[in-house]
Each structure stands twice: as C-alpha cells, then as structure tokens.
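To start, the structure itself, in structure tokens.
Chain nomenclature is as follows: A, B and C, assigned in order of appearance, with residue numbering initiated at 1 for each chain independently.
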Amino acid sequence: MKNITLGRYLPLDSIIHKIDPRAKITILLILLIAIFFDAGFIGYTIIGAFCLCIVFLAKLKITYVLKSLKPMLFMLTFLLILNVLMVRQGEILVTIGSFRIYSKAIFQTLYIVIRLFLIICLTTVLTASTKPLDLTLGLERLLSPFKAIGFPAHEVAMMISIALRFIPTLLEETERIMKAQASRGVDFKEGTLKEKISAIISLIVPLFISSFQRAEDLADAMEARCYNPEAERTRYKQLHWSLLDTVSLVSSVVIAAIIVTISVVA
Amino acid sequence: MSLAIEINDLYFEYEENAKTIDGISFVIEKGSYTTILGHNGSGKSTIAKLIAGLLEKKSGNIVVDGIELVEETLYEVRSHIGIVFQNPDNQFIGSTVRDDIAFGLENKCVDPNKMDEIINHFAKEVNMSEFLDHEPTKLSGGQKQRVAIAGILAMAPDIIILDEATSMLDPKGKREINELVSTIKQEKDMTVISITHDIEEAVQSDHIILLNQGKIESIGNPDKIFQNTKRIKELGLDVPFAYQVSEELCKEKLLNKTYINQEMLVNDLCQLYLKK
Amino acid sequence: MSIVFKEVEHVYSENTPFQYVALRGIDLTIEKGTMTAIIGHTGSGKSTLIQHINALLQPTKGSVQVEDYIITATNQPKHLKALRKLAGLVFQFPEYQLFEETIEKDIMFGPKNFKVDEETAKRLALKALKDVGLDESYLDKPPFDLSGGQKRRVAIAGILVMEPEIIILDEPTAGLDPQGTYEIMDVFKKLNQEGKTVIIVTHDMNHVLEYCDQAIVMNKGKIDKQCSINELFEKTEYLLDLSIDLPIITNFIYQLNKKGFSIDSSIKDIDNLIKAIKEAI
C-alpha cells in the first residue's frame, strides 16, 4: 500500500501546488487531448518539454514519475512486439534472416510510450500536488453547471469526500476483522482454493455489514445536522482564482493549440 | 414554564408487531436536564431519532419548541435540536476536526467568511483547539465526541440530546464528556436530554423518565425513581451505589434517610463520625 | 505455568518513519487457572501484549511461552494454528466478526477451520451456545436479528467452541448495559471456576475488584506492577497517580478516609463496608 505512487498526495511547497484545482483539472484535460494529436517529432518534443517543466515546477523527481510506469512495463513490451510483427511501413531498419523490422513499427511504439509517459506524468503531478478533497471540490465546481441537466454534482462530490475520509477507518477495521477471524483459525495466506474463499467471505461479509450500518448512522447524523442536498448550502472551503491560474491555463491552451496546428498542417 | 418537547401517545414499530414504542406520553421543560433511562431494548434508543424525524412514527404526535413534527416542518424542527450519537466514528463527517464542525455551518448557510471564527470559538469551548487540523483516525473516542458536541453547539440549537453518547467510551472519555455536558448545562440556556443506561450519570439529572419494554415505567426526580430498588433491579438496571449503602445503613439505624448522591452521603457520614 | 513472557519487546513498523515501540522489556508469568486483569491507560500496550499469547503478533525481541509452544521473532511454532485453539482471543466488540447465515453455522466456523467433522462441530456449537446462556432455539436464527448483548454472546461462543484452555478478553463488557454486563462476566467466572486461565483487559475497575485474582498494571509499554487484587487496592494513591479510576466502592472508602475515617481500602463488597462503617461510628 505504501509503494503506490500513482494517486498519492505529496505535501510539497511548489508553485503547482498553489494552482487552483479547477485550473489544474482543465489543464490536464486540454493537454491530454493535445497529446493524442500526432504532431510528429517536433510536436512531441514541444509537449514533452512542457510536461517535464511542469514536473520540475511541482518539485517532483522524474524517477518518482517513472515508478508509476513500472506496472505498465509488461504491457509496453507486449505492444512493442505486436507492432514489430504487424507494421510493415516505412524503411527497413534491421533484417534478421527473412524477418524485417520496419522503422514505422519502432516509431509507432515509441510514440505510444511517450504518450503514456506524458499522461502518467501529468496525472501524477495532478494528484501529487492537489489534496484529494481539493480535487473533489474542483471537480464539483467544474461539474456544477451540469446540475441544470440533472447531474448530481454536489452529491457525487459529497460521496467522494466521505469515501476518502473513511478509507483509513475501513483499513483499520479490515485489519481488526482479519485478526478476529485469524483467532478462529482462519489462515489468510495459505490453504486450498475453498479455504481461501471461505477466508475472504469471513472478511468481506462483516465489512459489508458494518459499512451498511455505518452508512445508516452517518445519514442519520448528517440529517440531524440539517443536511439537505437539495437546499442551498454555503461552503467552508473557498476556491480563489488568481493570476497564476489564468497564466497556467493560457499557456496550456497555447501549447495545445501549437500541437494541434502542427498536426493538422503537417 | 414552556415546553421544549411534548410527546403524546407515541407508537412506533421497527417491524410488524414488534412494539418498540408502545404508547408513550411525556413532556420536557425548557432548560431542564432530563435522563431517559432504560435497559437495552426498552425503546429509549429510538426516541432521539423519532424526535428528529429520522424514523417515522406509527402514530401519536411530537412537538418540539412548539412546532409539531410533520413532513413539512422536518428541517425546522431539526434546527432546534442537536443530537450526539453513540458511535464516535459514524457521526464524524469531515476529514478533519475543522471540516467536521464546518459541516453543520454549511448546512445552515452561514457566511463562509465568518466560519473560521465560529469554528475556533467552539473548538476552544470543547478543548479541541490544538486538534483542529487532525484527522479522525488520530483522535480518541472522547475527542471525537467532543468534536461532535462542538459541531452541534456551533449550530446553536435549543435542545441537545445525548443518545448514549458515552457508552462506547473508556472511563476517561466518559468523564470528559460528562464534565463538558455539565459545563454546557451551567453556562448555556439549553435543554439537555441524556439517553442512557448508566445510573451514576442518571442521578445527576433533574428528571428521569424510566422506560421498560416500550412503555413508561415511571417519571420523576432521581430520589423518587430509585426508591423502588427491587423494581429497578428487575428492569435490568443498577441501583446507585450511594442508595445501596445508605439503605443498609438505614436498616442499621445509623441513618434516617437514603441518599443517591455519593458526595452528600460522604459528608453526612463524616459529620456523624466526628460527633462521636 | 501457563504463560511466560521473557524480555519481550514489540516494535511496530520497524525502520520506517512510523516506528513505534509498543512493548519493552516485558517479563511476566501467568499461572494456570488464574483470572488476571490487565489494566492501564489507553495506549499502554495492553492489546499488543495479549496478541502475543495466541501468536497473532510475534515479539521483535525476547520470547513468549504458552504451555509447550515458544514464539520468538524468528521462529513460529510450527503448529501456529493449534495455538489459536489453545488460547482463544475475543476482541473488543466481537459481534463485528459475525458473518454466517445462521448462528449455528457461525459458531461452527471455528471448529471447521480446525478440520473438526460436522457432527462433532454441531455438538460443540450447541454446548458453547448454552455456555454463554442462550438456548437451542437460537441455532437457526440469523445472527443479525439479535440484540447487541446477544450478538456478543454468540461471538464469544464462537471462540469458546474451540475449547481453549486460555481465554483472553479485550474489554468484554464495553457498551453493554448493566444486565448484559453481569451475564457476560458470569460466563467467564464459570469458566475460571472450571479451571480455565482467564485474562481480561479492562478499564472497568469494578470488575477487576469483583472477579479477578491478580492484576497486571501496564504503563507506557512496560509492566508497572503485577500483584494480587488486595495488594492493588490497598494503595489507592498508586492507582490515582496512574490516572486509573477506582472501583466505586474503593473510591467511596477513599473519600471517607480522606475526611477522617480509616477503613480498609481493600474491602470488596457492601456488607463488609457497612460493618466497617458501623464499627467506626
């Protein structure tokens, strides 16, 4: 659990940390779209440099971001092999017996890897530089115009923030139940398939039951404190849009525009 | 004197024919400290939820601060009440102490610019100022309940209901909460209702409503309620220690009245000792 | 001798920023057939201590011997599971571990994990159910239909069904009403009278006074004192210094003594108290 880098918030003091979550989410979306336009070598260099700048400004180390790629290594290798076998365009680079490796195969795979790397870079920066609750708040604000067409932006955000608040509590409870069942002879590590299933059931059922009870109690507590999702509510946490946010957003739009232009023109 | 709560002929069932509340009527005066006492299963645990409209009554009527509880007045009634529930974890909504106290303020549409001041004020009242940015997993049960109380006080209700608020706490936590409630009672003009099975807590209140199997067994002040020790024991409750001791001493003709307050008993016994 | 701890230390999350020494230099012996109370403030290491007895935790230093089994940091008894049967541990709010469709099935869960056959398991389950004061009619009921106190008894039956010689309880009466509390404590009293070693972690000093033979006082991960109940309550100042509440009766005597009386502070019941007051006046 402690080794997951993707998704974890790091309390550093960087300029990226100070950007409004709404801006960050929007920038992520804009750049993600730009990444999917094929602007060739120049395009990838431009956007690659921009992303690396962001990583640097967020005071993150490239090695940290690379760690997030590790789980994908297997898939990427598989992709490389697939492409090498399937793609027969471009110049022939290497000939091994009757088997030929074409340049386009290599480049295509390379571009996929670069895209993946950039996406992971950006999402890692987003989650590392934004507290989960600020992220939720940012999402809620961005989605609130959709309330007009019936999308329950506030309720979704409330659900996410309560879920986040209870993750540590649930982890503690899982440990407690595991110990209680271990005291009844359950072995969570070894055993036949049947025994393992029985072990998991003895863990999951109590967890579910106590979670339902918890949900009921929470709902009662919230309502008793006059919670009404449909009524107007003020918010303790305020988001303030600043010059920094505008500058960041504008520069991302500019970069994206450049990329799209290059890919369309070339 | 005006009434904080008025209950008339209340009936409620969790399931068909499982008469949880079987015809209850009582009143609670404004500014009083009332304990609703009963063993587990006496129905006391559903009363707080019925008063706040969290459970739907089968029949009867509930009036809070002069407002009758019906679907339309649900939110209005709730704004007059603050409930501290039993499980410290399952009523802690915010990710930090600060956020949890803010939750109630958000619901009441308090101006966000004023929230910090209010939060700091009430955190101080419950002695949790140092913990404002702490997460709930780092707090003890007693601390979490204190935060719950702060959150409720911040909403300025007229009535505060403690629904077995100390039953899941260790002795230290219980003491913290009981002292805090005592202070609230003295300093604020609030009606306090405590729902519990703890006898030593119950004797601190002005009035006791004793429940048994969904019906009212008796209503009165602590002295009156504990007279019938045999019945109290039959109902699965403890008799206050001071009462047990003084009852025996009366039999030995050393005392001529029974006590429910330990301090008073100690003082009077000492006076007898010194006179010797 | 039932249980022996030798210089036991337990460190959580060793070599990480979250490192925490929960137990240090623990030496203790718990004799067979005793009823021992483990007391101390929250965070003093009580829960960590008891989890060593059924090998849920292993000491980071030192050794724990339970009957013929020895648990150390590096080796575990090969028959770890058998130790879980020998020493039954009931956690706080054990009703949260219930999960089966019927009470009978839930209680049988333990024996089944030890490869006991269906028939014997059923027999043991019925006996365990009766031992906690519930009758046959409960067997087919879903555990979730019961009251809190009843659920707790079913959960306890789920441990007693394995016929442990050592029974360890972590705050067995937390959250129960007075009636429920008596019923549960009676179960353990009976088991102790049958010769089982009972260890109770508790904050309820009234229970310590009423039911236990000896007490182990823990303070900040160390054992502060191990002594008989009489010894423990003779020196009320000691308990107050450690912020441990006194039982109601002991506190009452303490208050009287503060104001001039000199009553024996190890008195356990009201009858003796009345006699003492009578003599004094």
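Definition applied: a contact is a pair of C-beta atoms (placed from the backbone, for glycine too) under 8 Å apart; a residue touches a chain by one contact, two chains touch by 3 or more.
Quick caveat, the model's predicted, so the values are computed rather than measured.
**Q** Can you name the chains that touch chain B as well as chain C?
**A** In this structure, the chains that contact chain C and also chain B are A.
**Q** Computing the C-alpha centre of each chain, which chain sits at the greatest distance from chain B?
**A** A
**Q** Name the chain pair with more contacting C-beta pairs, choosing from A-B and A-C.
**A** Contact tally favours A-B.
**Q** Using mean CA coordinates as chain centres, what's the gap between chain B and chain C in Å?
**A** So the centre of chain B lies 30 Å away from the centre of chain C.
**Q** What whole-number Å value describes the gap between the mean CA coordinates of chain A and chain C?
**A** Result: the chain centres lie 46 Å from each other.
**Q** Using the touch definition up top, name the residues of chain B that touch chain A in the complex.
**A** Where chain B meets chain A, its residues are 49, 52, 54, 75, 78-79, 81-83, 85, 87, 89-95, 98-99, 102-112, 115, 135-137, 151-152, 155.
**Q** Touching residues of chain A toward chain B in the complex: what are they?
**A** 133, 161-162, 164-165, 168-169, 172, 213-214, 217-218, 220-228, 231-238
**Q** Which chain A residues qualify as touching chain C in the complex?
**A** 173, 176-177, 179-187, 201-202, 205-206, 209-210
**Q** Inside the complex, what are the residues of chain C that reach chain B?
**A** Residue positions touching the partner: 41-42, 147-149, 174-180, 203-204, 243, 245, 248-249, 252, 255-256, 259-261, 270-271, 273-274, 277-278, 280-281.
**Q** Touching residues of chain B toward chain C in the complex: what are they?
**A** The touching residues are 39-41, 140, 167-168, 170-172, 197, 199-200, 236-238, 241, 244-245, 248-249, 252, 254, 262-263, 266-267, 269-270, 272-274, 276.
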